[in-house]
Amino acid sequence: MKLLLINPNISTSVSQLIHDEAVRSACPGTTVEVLTARSGVAYIETRFEAMLGAHAAAQLAAEHHAGADAVIVAAFGDPGLLALREVLPCPSTGLTEAALASACLLGQRFSIVAISQRIRAWYVETVHAYRLEGRLASIRGLDESLTDIGNVQGNQGDRLVALAESCVREDGADVIVLAGAPLAGLARSIAGRLPVPVVDGVSSAVRHAETLVRMGAGRARTGSFAPPPIKPHQGLSKEVAALLAQAPGR
Amino acid sequence: MKLLLINPNISTSVSQLIHDEAVRSACPGTTVEVLTARSGVAYIETRFEAMLGAHAAAQLAAEHHAGADAVIVAAFGDPGLLALREVLPCPSTGLTEAALASACLLGQRFSIVAISQRIRAWYVETVHAYRLEGRLASIRGLDESLTDIGNVQGNQGDRLVALAESCVREDGADVIVLAGAPLAGLARSIAGRLPVPVVDGVSSAVRHAETLVRMGAGRARTGSFAPPPIKPHQGLSKEVAALLAQAPGR
Amino acid sequence: MKLLLINPNISTSVSQLIHDEAVRSACPGTTVEVLTARSGVAYIETRFEAMLGAHAAAQLAAEHHAGADAVIVAAFGDPGLLALREVLPCPSTGLTEAALASACLLGQRFSIVAISQRIRAWYVETVHAYRLEGRLASIRGLDESLTDIGNVQGNQGDRLVALAESCVREDGADVIVLAGAPLAGLARSIAGRLPVPVVDGVSSAVRHAETLVRMGAGRARTGSFAPPPIKPHQGLSKEVAALLAQAPGR
Amino acid sequence: MKLLLINPNISTSVSQLIHDEAVRSACPGTTVEVLTARSGVAYIETRFEAMLGAHAAAQLAAEHHAGADAVIVAAFGDPGLLALREVLPCPSTGLTEAALASACLLGQRFSIVAISQRIRAWYVETVHAYRLEGRLASIRGLDESLTDIGNVQGNQGDRLVALAESCVREDGADVIVLAGAPLAGLARSIAGRLPVPVVDGVSSAVRHAETLVRMGAGRARTGSFAPPPIKPHQGLSKEVAALLAQAPGR
Amino acid sequence: MKLLLINPNISTSVSQLIHDEAVRSACPGTTVEVLTARSGVAYIETRFEAMLGAHAAAQLAAEHHAGADAVIVAAFGDPGLLALREVLPCPSTGLTEAALASACLLGQRFSIVAISQRIRAWYVETVHAYRLEGRLASIRGLDESLTDIGNVQGNQGDRLVALAESCVREDGADVIVLAGAPLAGLARSIAGRLPVPVVDGVSSAVRHAETLVRMGAGRARTGSFAPPPIKPHQGLSKEVAALLAQAPGR
Amino acid sequence: MKLLLINPNISTSVSQLIHDEAVRSACPGTTVEVLTARSGVAYIETRFEAMLGAHAAAQLAAEHHAGADAVIVAAFGDPGLLALREVLPCPSTGLTEAALASACLLGQRFSIVAISQRIRAWYVETVHAYRLEGRLASIRGLDESLTDIGNVQGNQGDRLVALAESCVREDGADVIVLAGAPLAGLARSIAGRLPVPVVDGVSSAVRHAETLVRMGAGRARTGSFAPPPIKPHQGLSKEVAALLAQAPGR
């Protein structure tokens, strides 16, 4: 099985973190490939940055999905995921969607620990879009500016643990979700330090992607995740155009 | 006052409909300019198409917002609107947001009449994202394929009226929202035929944009609509890069 | 265009504030008339006081709406607004409804800054009745007794600004709504002092009323905002009786 | 124990129905007095009519509550109830609030059977205001005009039963609420004909009022149901003025 | 009238508290019998303990309901109540359900004061299952371990009052619910000390049970509270088997 | 890895279906053991039956969890699952929880196809308890009595497919969940016949259980899923008593 992970941001240091945790998490026999966005920002905190990431990820997915058994949008917030699910012939998931699915299997209410204050509004909207706000205990974030996005875990590890402890003690979290590709692998290293289960987005996405492939649940030929109706278009890359050339009801 | 309307789709016939209704709706002294996306699809029905439209609209907004007093995303679903609100120095709105604001001033529950069945899921998600589902009575859509997106009103006018009547009679709608730029101007022509108030997205957006300009409520310097934090980026057009170069707290 | 603003309270000093901000906000060519309730309380903080205000406002609207292009209930909480919308032949709005519509066009989550602690429960119920709780970040209120309702801005201006800042910083508000007719005009004077957009009820109501008139969306002939079915009544003023004598389906 | 029931409408025939069911429902030793509004309409179907009824009921309550152990607003929709709860020194309830409390003790989801189509929007808003929409299965109403409000049960009894049966079979109702004072006593006569428990507003209100009196839970001296803060007023009846003269924290 | 109260826990000291408050609350002519679970834990704080209590209560109800006019599950959280409502021929209620019904008749938002921190999650889920979260202001609990469950009121009375005061002052509670059978009778003794109405579960349950009996609303013969469809079973006590032998549509 | 599946019902024919689908779904190296309840009913449709199943499942889990890497409650509705999660030292899941997690990874809105009409209310409450109602498009069920619970697929296969098609076409389902252990394996056989992805509870539970084991997210030592506080108990089996003897904070 081959999984294609797409980092919708330009940070190759984060792509390396994603790759390492994906390899650690995958079943024997699963191979992982991580792509890094050609355009965009270092990491996504806002709606505008997410819009840029969604577009960059879609282009990469269009170019590289052939041969992959599943595609993973490898940023918290899942920029472009639901859009890709309409057009990709294989299963797809994202770090948020997958981490929340894991969290829901481990407890009733989860908290999200994030890399910044600013990112919280976007995460709230992401959880709301998934209609999982009823399971959300809180979102807490670091309040310092990030000087090295590839080394947040090293620089801020203790603060992140302290935030998680506050989520448990003050907000009633049953589970902690460590949010964002820059934190990939942190759950693995700190799990023993927290009094509740801890969830990582990359490992959740890898495992749930493997499950989706093995389930073979089939692709939507109708409904809101079928390919879009055929219609005129212009100015798109030939790879994106090819995704739009699928007959919806095939 | 100058309003910049951006059609995130490639259909110039729809841009003409937008332009005509915008001119009819604007106050004396307001000028309107309508831009058409350079890339994308003929009209948006799905999340993937909306993602393409959002990106195309953002590029046009980045290039052309200078000199505009307000920017309008001129497609129902408002692709990219909240993202643009973070980075544009002037007020912005979109057809859905504005039409729903109008509808909420005219009654408690509104129904949306749309150009296709497929588009309904995307509209539900748009209304949900605006947290206005409590005001939504129903969404009904045409069930025939659209052969000429610039002439839906002419080809399907009576069917659209019949759908609206069903929304009132069966779904309890207090107000009808005619959704989608291809229906721009229809509310004006059929208003007398329906037993409840009818709302048009383009005219609502023009009027509310004028109000936002005149209110001078100020721009967010903090919170989730302040400009994104400065961070590394690559591969973006110089106009988009300029939007990202604003100091958040300026 | 003529707008009729009805202060459902007896405070002529507040009516003056309403008048001044309405004049400042109205388009050229719009005239405003402000009426003050003949009976009721100095300002509304509770459900019982709102009930008194609704009744007084309805009587004034019945007597004076002829000749007005739109009617505005000029107290936060909009006492009687939805009731009047059923019976008035012209568009109507209120300070809360209009301010919330403005806020929703400026950000995703708004906070309300209010003149007292006691008033908060009534405001929560008002926002809930409009099914906009999903957009509400918080309500904060002054905690001192009000000795001069016509001069709250002067006496409490700095405290109100401080409350607004707390809403932004602690509650995640994207927009601040300054609530209550006694604060009419305050948004205009403090807007520059806050880091997010600020909304005033009176100016919002005036502008949205102008828009509703110009939209000409039509009046409900059926549904929940059509005139009530004709039925026996007694003991009503002749003006209210006249409102009830309209055929619903005319 | 003495219960004061206030019909906020002018129909003495309905007041007689209320009286008869109240007498049938009350405990031995409980006396009931039913007052009829001096002004208003024959029966309430809309927000405007409810506003008139609330004001008329408040005036009667102010005049006559002395000597009563509890006050009941005897119309579905409970016009003015929450307002009165702030100012009355004794417990109060209303037909909707009480019927819904009964229904919630008998099943998870209730349907409301009503006397007209038009009344449904107002009932939805009433249930929403009580934040009980999660328990509401449906509202179904008669679709004929009512020629004799005092004899709806006689004229429309079989149709009302058929509506209730549809609520059970099609809408999943566990309990039926027969709504509106004109249906007082119908639950008693048709209970055996329906396959689920049936609830009457008047008998529920009488019984719950008795319980509230016997509970002696105390009156709010603070919070949103304490008496309103003392403030200037004018133009009110001396009885209403007396209600407003109570010190909140007494 | 005879009421059967079932303590789903093994604490006879708590059963005594239940009995005493039930006797104080019941109407003349009502007799009360309190049974104590033969198996289970001293008091319920978690889902597992509630599951044990539900099963023990069901067995007692099956054995002893004959001759009772109503059955009360006498623990907060109402373990097994909705299950019993399907199979018992007489009305049933529980401490939470009944206390919340009382609270909803006394104010818009209630807070729950509980005997421990741990119990709060279970209470949140109970209120959620009743779809009454919109009425819930907060849940606050003691944070010390309970050494003598039959004497919590004596040991912790002042702390419980302080918690209730915080609910009113900080959380906006209109009503306080004192939760849990170990607090039976406390509302009666402290009511005067709190500035809002206070509700007790046992007295609420006794009074509402009396009302349900007197209402005679009838039993569900269809819908989700009708007896379960007849089907094979094994290993059940003869009393439980008898409950399952009822024809659903009898 | 060893998975323990517990059928909370007495039907060995259904246990065989569970076993067969679990074996088909499990990874190489995973062994499955299926236990059948010693007491209870043939299949669960109601709250009372679920309460019996929860208790029977808990007893089996207490007796047999040693040596298992994860425990699965193998009935839709997950009777007792959240209770077991508090006390079991290994991960646990259930058919509903797992199927819904799968469905949420495949689309935005799912419908549930069930074996009877009666079962729908219980399923609604289960989905509500998981706070996933926002993802639920509809629940449709067979309307014939089930004569052979072990052969529902054979007898009713075409009807179940037709129900699923209605969910897609009329209710807007993106994904179909085939609910109930008696349908274990049906998704596998009919997947190609439906135009959207189809999810099976048993295979989802097996796969997600494998993921939970491999994630090693850790067990709650605090919060609502930590072991219950130690307290007196009586009348419990020694295996259940052992579960209650765990120190919460170990």
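In order of appearance the chains are A, B, C, D, E and F, and numbering begins at 1 in each one.
Here is the rule we use: a residue touches a chain if its C-beta (ideal position, glycine included) is under 8 Å from a C-beta of that chain, and two chains touch if they have at least 3 such contacts.
Model, not experiment: these values are computed from the prediction.
Comparing chain pairs C-E and A-B, the larger number of C-beta contacts belongs to A-B. Centroid analysis (C-alpha atoms only) places E farthest from chain B. One simple way to say how far apart two chains are is to compare their mean CA positions; for chain D and chain E this gives 27 Å. Put simply, the C-alpha centre of chain D and that of chain F have 44 angstrom between them. Counting only residues that touch two or more partner chains, chain E has 82, 85, 108, 121, 125, 131, 172, 174, 223-224. Chain pairs that touch one another: A-B, A-C, A-E, A-F, B-C, B-D, B-F, C-D, C-E, D-E, D-F, E-F.
Those residues of chain D that touch chain C in the complex are listed here as 10-11, 37-43, 45-52, 54-56, 58, 80, 82-87, 116, 118, 121-122, 125, 128-129, 131, 145, 223-224, 228-229, 231-236, 240, 243-244. If you check the complex, the residues on chain F that touch chain D are 120-121, 125.
Chain contact summary for the complex, chain F toward chain B: residues 108, 172, 174. Residues of chain F that touch chain A in their complex: 25, 27, 82, 85, 91, 93, 97-98, 101-102, 104-109, 130-132, 134-135, 168-169, 172-175, 187, 191-192, 194-199, 203-204, 207-208, 211-212, 214-226, 249.
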